[in-house]
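As structure tokens, here come the structures.
In the two assemblies presented below, subunit A is common to both, partnered first by subunit B and then by subunit C.
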Partner chain A sequence: MTQTKLEMKNITKTFNHDKILNELTFHLEKGEIMSIVGPSGSGKTTLLRILAGLEKPTDGEIIMNGRDITKQKANRRSISLVFQQPLLFPHMTVKENIVYGAKVSKNYKEEKIESLLEAIGMARFRDHYPSEISGGQQQRTALARAMATEPEVILFDEPFSSLDPSLRQDLRYWVRDFLASRETTAVFVTHDMEEAMIMGDQIAVFEDGNFQQIGTAETLHKSPANMRVATFLGGHLILNDHEFAPLHAVRVGTQKTSKNEVSFHATVEHITYQHGRPVAHLYVNNLEKKISIPIDETFPTREVQVTIPAGSIQTFSGEIL
Partner chain B sequence: MKLFKNRTFLLFLPAGIFLIIPFYGFIHAVIQSLGGEGLAHYEEILNSERFLSSMWFSIRTAGIATIVSIILGLGFTKWFHPLLTKTSPRLMVWIPMLFPHFVWGYMVILILSETGWTAQAFIAAGWLEDTSNFPVWTRDPQGIGIIITYVWKEIPLVILLLLPVYASIHPEYYALVDSLGGNAWHRFTTVDLPNLLPVLVESFLIIFSFTLAAYEVPALIGTTFPEMISVLGYEWFYGSSWEDRPLAFAAMVLTSLFLLVLTLMSYYGLSRPKWRAMRSDRP
Partner chain C sequence: MIRKKVLFLILTLLFFIIPLTVLLLQSISAPWRFHTGQGIDWGWQEYSTLFQNPQLWEATFISIGIGFAVLFINVAIGLFTGKALTPYAYRGKAWLEALLLSPILIPSLAIAMGLHLFMIRVGLADTIWGVMLIHLVPTVPYSIKIFHNSYQQIGKAMMEQPHILGAGFWTQVFTVELPLLRPAIRSVTFLTIVISLSQYAITAIIGGGRVLTLPLVFFPFLNNANTSIMAAFSIWFALIPVFMYIIIEALMMFLPYSRLPWRNHR
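On to the complex of A and B.
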């Protein structure tokens, strides 16, 4: 039986008359991981800080295990936050940093520290100071320190954004497995859609102070709720406020083909290579939109035709959940 | 001239040349204190009740003044550092540093002596019957006047030294301690103190060395017994008998050695791996 671990009801946050969060509502089951994805500066961090208790919401309530914790202070909540920077205490060794998390939350057990050191693969580096280990190791230690407090919910605020891409990829899977193996309930904030898809069971697209849509990666791609979601995913050609075509249905050629198709004139701006295939970056003149589509062959001219079978055109679902 | 091709040597040269002057003074004082009689003068002062009580009084008075200045300066910086980034509050805090110690000591006498403004104001208000009821805070055997003058004068210096450190602390660390379950004390001990420690130790050494051996404030506002070591040294130096002069040198050499050992111990403490790691990584 699933049980609701964390619930946010109509959370609103206003800064100087600016609504950063507008009546946000969502809930997380125990052991579930939710990714919140949205452009930089959209208020994702504020949302996390409100959940952690570091900032107060202007309105609304937060409920954990059925209890209202909106007014509870950060240090009384069983919620840990992993920050964008590792923020290890520089004068403490790897082990001391983890022990600190355990002791300060009054959850210290020597065996737990040992198992955490093993789990993050840092047992060998236990006596190293943060300045002596790599960025990835620092972030893993920060995660172990947060886990040492035995939180019921753990929050991540773009924890990999300061790492280089190859390390980021490894750490994503590692953290994902680490959380899954411990059935930890988690909220993972990122501006990177790929990261959101790897980390979360559910993905919440957050923009303009609201969740535009919450669902699995598949739901989001198959039936985006609105133009904003589709724009953020980048997998669709948006025709107008109501209609879109999935990019896999879009064909690029030098001429118009049959009649039962919608066709637009486009300019090839660039060709790059991704996953071993050429990708054309096009500017669709009439729609004033840029799209990127994998292609099979290069074109003799920069002017091309983008065609969509009429049957592939869909309307936005408009459903948030 | 191969020696001079070494850049490090050249870079140290100005500081080295400058240090020759105090070093020469110190060696000269050592020679004078010996006076061709071996360690006789040292033996004499170490058996002298006057010297020992003066040394204890000086260390105690300077120690209290320094620790109180640092605690108050630290508290002030902690609570007001966002305000102190503005120019006018900062200038107001630093005003006491513009005045000579002598002037500040005189002001303390004017305000806090038994016939001073405070006593007069209390009598006028009817809270005191007579100036003799006012506590003795200047020229007192406890060194209260000296401590008040130094504390008042050195707090701004402590603020000046601590302010840049507070400005450099990454505020997210406080949020981190909160989210781990820590309270205000944890924030202070794991975020503030480790960052401040080197500056606190240095501030202690600077203020303590100065207040231990400075002359004008204890001469103005202290008593003749017990007296601060600087006052005793001055008396021995310019006293009626020329024979006491080597004692003055011996007293000052011992004071210098005491401060030197204290400094070496502090730097040894700060060079522990923990604090070296703190300095090499400040995100």
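On to the complex of A and C.
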């Protein structure tokens, strides 16, 4: 049986007349991991800060385990937040940093600290100061420190964005397994769709102060709710406010083929290689849209035709959930 | 690298070690004049003159007492005001900061004369408490500025981190803020003690001559033109902040998470 761990009801936040969050409502089950993606500056961080208790919502309520915690201070909430930077205390060693988290939340047990040190692979570096370890090690330590408080919910604010790509990849899977093995409820904020898909069971696309759609990666790709979601995913050719075509149905050629197709004139701006395949970056002149699409062969000219079988044109679902 | 070292050595010699050595030598020799044909007369008589002054020890202890009191009040005010100024930008913040700095823009003598009447009325004139209060005027603005800058350097996010983990206000102050503010505390220590110790005019006005601090004892000596006694007195004067600084440094070692010499094995 699932139980609702955390719930946000009609949360609104305004800064100097700017609505950052607009009547936001969602809930998380115990052990669920939700990714929130959205362009930078969309208010994702504000959302996390309100959940953590660092900022007060202008309106609405936050409910945890059935209790209203809207007015509770951050240090009294069983919610931890891992920031973009590790923010380890520079005057404490790796172990002291983790112990600190456990002690201030009154959850200190020596065995737990040891197992956390083992889990993050930092047992050997326990007596090092933060300035003496690498960025990835620092971020792992920060995570262990947050876990040491035994939070019921843990929030991540783009925790890997300051790390180099290969390290980021390793750490993503590591954190995911770590959270899953402890059945921790988590919210993971990122602007990277790939990261969102790896980290979350559910993905929420956040833009303009509200969720545009919440669903699995598959749902989002198969039936995006609206133009904003589709634009953010980048896997569709958006024809107008209501219609789109999935990129896998789109063909690129030098000339029009048959009649039962919609076709547009496009310009090849660039060819790059991804996952071993050439990818054409096209500018569709009539639609004023840019798309990136894998191709099989290169073209003799820069001017090409983009064709879509009429049957694969779909309309936006319009459903948020 | 070598050039830098040589430059450093020359500058320290020129501006620190040579003057200090001259001062030391002067304090243990009788005044010597060029071309009088007399040799240098070494001895401790200057110090004995100094210690014969019955008021010396009393003035020293009172000065140290006032110095510590002024320091602790400064740390308390500076810490919390500096912290309060840090997080938000709000309208009028620049004015508030200017207002907090204003006591050092107005001559403290003018403030002391103005406050004297008030102190008489509330019964603080001629008391050690009144002197402590008036010594806050030329010191508190600096302390606020120093702590404010340090808090800004530590950053808002670093201050939110312990709060998120579950630390209460005082736990956070003692476990994270004070240890990270150690350099600021050092600066404030030296600054306030030296400023407090060298106040003559405002101490004389508010203390009314009854609160005896070192400058008050020191001043009459200026007339006798005996440079050797002056040198001895200067050294005595300079030793006090150093002594107080060592005490504060020792106290700071008791802050949580200090790298104690016997604790840091690596």
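Everything that follows uses one rule, which is that the second predicted complex is superposed on the first by the 321 of 321 C-alpha atoms of A that agree within 3 Å, B and C clash if a C-alpha of one lies under 4 Å from a C-alpha of the other, contacts with A are read in each partner's own complex, and residues count from 1 in each chain.
One rule holds in what follows: a residue touches a chain if its C-beta (ideal position, glycine included) is under 8 Å from a C-beta of that chain, and two chains touch if they have at least 3 such contacts.
As the structure is a prediction and not an experimental result, all values here were calculated from the model.
In the three-chain model built by superposing on subunit A, subunit B clashes with subunit C.
When the shared chain is aligned, no partner comes close enough to touch A:42: not subunit B, not subunit C. In the superposed model, A:131 lies in contact with subunit B only, and not with subunit C. By the touch criterion stated above, A:226 is placed in contact with neither subunit B nor subunit C.
In the superposition on chain A, contact of A:105 is made with both subunit B and subunit C.
Of the two partner chains, neither subunit B nor subunit C is touched by A:202.
Once the two complexes are overlaid on the shared chain, A:54 sits against subunit B and subunit C alike. Counting contacts as defined above, subunit A residues 52, 54, 73-76, 80-81, 83, 85, 87, 89-92, 100-101, 104-106, 145-146, 149 meet subunit B in one complex and subunit C in the other.
Only residues 170, 172-173, 175-183, 186, 190, 194, 273-275, 277-278, 280-283 of subunit B touch subunit A when the two sit together in their complex.
On subunit C, the positions that touch subunit A within their shared complex are 157-158, 160-168, 171, 175-176, 179-180, 257-259, 265-266. Interface residues of subunit A, counted against subunit B in their complex, comprise 49, 52-54, 73-76, 79-81, 83, 85, 87, 89-92, 100-101, 104-106, 129-132, 145-146, 149.
Residue ranges on subunit A touching subunit C, taken from their complex, read 52, 54, 73-76, 80-81, 83, 85, 87, 89-92, 96, 100-101, 104-106, 127-128, 145-146, 149.
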